[in-house]
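Multiple structures are listed underneath, in structure tokens.
Presented sequentially are two complexes of chain A, the first with chain B as partner and the second with chain C.
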Partner chain A sequence: MLEVLGLRRVYGSLIAVNGIEFALQPGDIFGFIGSNGAGKTTTIRMLATLLEPTSGTARLNGFDVVKEPMEIKRRIGYMPDFFGLYDDVKVWEYLDFYSTLYEVPVRERPSVIDNVLELTDLTVKKDSFVSTLSRGMQQRLCLAKCLVHDPELLLLDEPASGLDPRARAELKQLIAELGRMGKIVIVSSHILPELADFCNTVGIIERGDLMAFGSVRDVVKTIQAAKVIEVHVIEGAGEGSMFLHGKPFVTNTHMLGSTTFKVEFEGTEQDQAEMLKSLVDAGFQVTEFREESADLEDVFLRVTTGAVQ
Partner chain B sequence: MKGFAEWARVQRRVYLGNATSVRDFRAQLRGNRPILLWSIYLGLLVLFVVLAYSNIVAQGQQSVTVVQTQLKSFYKSILWMLEVMVALVAPVIVAMSIQSEVQRKSYDLIATSPVTPKYYLIGKVLSGYRYVLMLIFLSLPVTAAAVVLGGATYGEVFISYFMIAMHGLLYIAISLPIAVISTKVVPAVIYSYTACWGYALFASAGAAMYMSRSMWMGGPQEEAPFYALLTPAMIETPVDAHTSLGKLSVPNWILATAVILVIVRFMVVGAGSAMTRKGSKETASLRIHGLVITAVITGIAALSQFSIMGTFTTMGASSSGGGAQELCIFFTVLSLPLIFALPNLSTWSYVDEHKHRPGGIFDVRQLLSGAPEGGLPYLLALLATMFAVGSGVLVYFGGAIDAVSIVYFVWLTGCWVFVWAIGWLVSSFTRTGAGTAKKSHIASTVIIGLLPWPFLSIVTAMSEADWLDVFRIYPFAGFLYNLSDLDTVVLMVFELWVAAAALTIWAEFRRRSVVSLYKRALNARQ
Partner chain C sequence: MTQSKFKQLFLQNPMFAEVQRAKRSLLSEHNWRGGQLAVRLLIAVFYLFLLVMTMSFVDDIEPFLVMYIMLGLATIVLPSTLHGAIAGEREQRALDMLLVAPVTPGQIVVGKFAKALLTIGLLVVFIGLPAMFIELVHQSSPAYAQYNYGPDSNGFVGYFTSLALVVVTSLMIGAITMWVSSKTKSKAGAMLGTIGALFVLFIVVPSIGGVVNFVYPGVSEALTSTSPFVLLYWAYMGFADNYGYSYGYGYEERAQSAFYVLPTMIAMALLTVLFLVLATRNLQRIALGRTD
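Our next item is the complex of A and B:
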């Protein structure tokens, strides 16, 4: 379990991260969303023990990031947004280097290297020089490096940046697989649709403050107090709109055309069903009655102002 | 027993199976480039030998003595060439290796893996040193020619090669902390060269001066002391040169090696401290090493000085200054390396990590933590150690510390406190981190130290005023004065301590206003 407890980072009078708090369970894939300069990378670097928090801390399975950095390092895999691989070594040598650093027993190293290469689909490149790999493959190699010691927490900072759509899709599958393996995965990105696909938890950070945290559904619900229901009728959208205006739980209605109107609604699903029934009973020929769901992008735009520090 | 086994396991991991060293080794020897480089190097060496030998042969028949002299100089020139090669290669190799890793951003990946700074740094030292050793070993056939032709014995070759190899290690160690604290490859290389070549030049000149002074004062004249081996000046050394430590006669090369290994350890710990956070064991170790090395170096220097120079042992308040002045010079010279330590002890910053943020101005509890408020206590501890050990050895040899010497030491302490206060003050004007504060501190110290000098010289040249009276306002005037007059020294101490105190008060006032400024800004943000 990862507990982030009031993590704060200050540079002079600038607050990069302002006492954020959240907790993640094994198997959670946490999408960390924020504009450039919002504090994502600073937070991840503090969790990776690269930066010292000004105050607050984080605990991974009881080990403290500030007090026990060496224990944390044994349990995390970190992939930065920009990283350099050693061009002059072969893929297996690169992984052998990190296996040694992580004290993987000598006898187990060949099988560990083979396993992570298989998981990241790089087996055929085992004897290739790192410099010959494509950007997507280098990204996967860095991820493979993060896995040689079977970490409990993976910190992936903008892992999909610079990848083509296919490489991005493959990376998403890989991250989802890691989540299924019971690892806690923190993925930062500002490409929102790709996070919604495989993250079960998201957090939105803005100017160092964690503005929202929870499951994708909960976060969307938090910012969208009223449901928006789009109603299609064969004719009489204006009348339908007028009919529902002022009814219980209806806060507002909008005309979208001669056959379509929108209803802002605050009731439960039962109330929603009652409203549909009343429309039909009133003689409106309803062809479509659909709740508009906000996506992460809507949530992000609503929650944040886009200001960077 | 369990603790020892764990210690042995860690040492084996650091020195034998070091991943950083293995990785660098793979990269260093891969492809055609190393073969090409080594071939060119060997070719140059062989060409040099052929030319030198042809030159000797071309002179026709000569006496054995003349040929012997020429072969000796041939052997010496090989050693000099090797020393220059090592001094060219060793400083750059580690600096480039570490900095290119930082620039490539592959260092972050290592920093998040469970390795200590020592592991990483020793790996870099090993991989760099391996290169230097290859350079040295490849020249062996050439030197063997000098042995076969009669220029040197195998024993001399062994000692000389060993010392050149140790110098290579020393250069690598000197460049290690520079590589760690630099932010780019080119400055790291330039600073490393400056430090190593600066060390080589000044240490050689210093050793030569020390030796001639020692001989002048009645010391041994037949052979160079062991500390000359720490410099490139004495590469060619007699195999049986030794130093007497009490009843024990220790070969000079062993003593020199021991000192170099201590310096290497100090540099590795120093670089490790620069890589870690406040209160790390590396920083505590560095500070303890600093105190111990200060005590040891002061002790060795005092032993060699006070036991050799009879005038020191009869020191008193002589009318000419004599012994007191010698003692003052002794402490002044010994304290000079503080100039390198002070930027780290006196600067602070609120925009950096915890270890750069002061929680006050003076806190003895932070003596070993690396926090800025522990800087002044540590500076005073270093000076007190120096004085205690130096005076102790002097008293042991029957000397006495007179009033002038004590007051002079108070002046010397004030002088370093003044330099410390400059650092504390410039930090309050710096908004871009401790690195900038350190550079500003060095620049400010140089300006304050050097600028008044030509100005005051002009004043004395253009007026009737006494040189001494004009220079009295110069804070570092103690380095220039004849310290025979107690009243003058007391006056200087008063002036300097008043200046140091004023600067410190101003600096602390500035620091507090910076703190409150930041606090207000943070509260407003909340």
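Our next item is the complex of A and C:
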């Protein structure tokens, strides 16, 4: 379990991260969303022991980031937003080097290297020089490096930046797989569609403050006070809109066209079903009745102002 | 230093994998192309030339000249080997990944510095041994021993003292390079900084010492002796007076004088430790994000 407890980092008069708090469980894939300069990388670097918090701390399975950095290092895998690999060695030599640093027993190293190469789909590149790998492959090799010691927490800072759509899709699958393996994965990004697909928890950070945190559904719910339901009828959208206006739980209605209108609604799902029934009973020929759900992008735009530090 | 710290740094330091990585990089076909290949061929030709000269003119070559070559090479090779140790990792953006591994900054510095030991070892084998061969030939030849002024050097005392001097100087050069590398963000900056530091230490300071010594004889020998190139002569040929020549002194006096370089060697060894500690501190600051 990862507990982030009042983590704060100040640079002079600038508050980069302002006492953020959250907790993650094994298997959680946490999408850390924020504009450039919002404080994502600073937070991740503090969790990776690469930056001393001004105050606060974080605990990974009981080990304190500030007081026990060496124990934390043994339990995390960190992939920076920008990184370089030793390009004059072969892929397996690169992984062998890091296996040594992470004190993987000598006998286990060959199988560990084979396993992480298989997981990251780089087996065929085992004997290639790192310099010959494409950007996507280097990204996967960096991830493979993060996995040689079977970490409990993975910190991936903008892992998909600079990747083509195919490499991006492969990376998403890989991260989802890591979550299924029971690892806590923190993925930062400012590209929302990247995260929405595979994260089960999200946090939105702006100017160092964690503006929202929770499961994607919960976070979306918190910003969506009223449901918006789009109704399509064969004819009489205006009458339909008038019909529902003033009904219980309906706060507003809008015409979208001669056959479509929108209803802002605050009731439960049961109330929603009742509303549909009343429409049909009143003789409206309903062809479509669907709730417009907000997505992460809506949430992000709603809770942030776009200001960066 | 506690026993556990010693064990952590020198006996159970996973960063010694750096030596293996350096070896792999050195031998990899990736580096046997273009400019790298040209440099390596040049070194091989130079070395063959040195060996041929040694074998052909063994009676005429003074071993200390070979030791000078070794010292000169050390001042070039060690900065070239180590200048990227930390600065290169920063420049390449690979340092973060090293710093999140479960190794301390001290282990990283010692592990990287181990490459210096490997380099020095190669210098001793490839240059020091031919010098020893010359010394052996000279010592075993009665005719040579009688030549001119009797034994023309401090013999094996001089050989081993000067070898030790070259090794200690090389270690110090390596440590200075590590320190400069920990202070800079680019390999080029680290290389220039190291050359600058060595220029000051080996050229500027002894030159100032030489001038002061000329005006006030005997006052600034300590300054002059910061140059290993001056010291090497003293170690091998014997320290005679402020003008540095030994003729007219008996063998024993000269042999004893070889040890005059010992205080400087001790000072160099201490400086080596000091620069490595400073490099470790700089890396600690980087590791905690106290510097950008």
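Keep this in mind: the second predicted complex is superposed on the first by the 309 of 309 C-alpha atoms of A that agree within 3 Å, B and C clash if a C-alpha of one lies under 4 Å from a C-alpha of the other, contacts with A are read in each partner's own complex, and residues count from 1 in each chain.
By definition in this document, a contact is a pair of C-beta atoms (placed from the backbone, for glycine too) under 8 Å apart; a residue touches a chain by one contact, two chains touch by 3 or more.
Note that this is a predicted model, so its numbers are computed, not measured.
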Side-by-side fit of chain B and chain C on chain A, or clash: clash
Touched partner set for A:85, first chain B, second chain C, both or neither: both
Touching partner for A:15 - first (chain B), second (chain C), both, neither: first
Which of chain B and chain C A:76 touches, first, second, both or neither: both
Partner chain in contact with A:131 - chain B first, chain C second, else both or neither: second
Listed stretches 73-81, 325-333 or 487-495 of chain B, narrowed to the one that overlaps chain C: 73-81
Set of chain A residues, in rising order, touched by both chain B and chain C: 48-50, 52, 70, 73-74, 76, 78, 80, 82-86, 88-89, 93, 97-98, 100-103, 142, 145
Chain B partner contacts - residues on chain A that touch it in the complex: 10-15, 18, 48-50, 52, 54, 70, 73-74, 76, 78, 80, 82-86, 88-89, 93, 97-98, 100-103, 142, 145
Interfacial residue positions of chain A with respect to chain C in the complex: 45, 48-52, 70, 73-74, 76, 78, 80, 82-86, 88-90, 93, 96-98, 100-103, 129, 131, 142, 145
Interfacial residue positions of chain B with respect to chain A in the complex: 13, 17, 19, 22-23, 26-27, 30, 101, 103-106, 108-115, 277-278, 350-354, 431, 517-518, 521-522, 525
Contacting residues of chain C [partner chain A, same complex]: 14-15, 17, 20-21, 24-25, 28, 30-31, 92-94, 96-104, 287-290
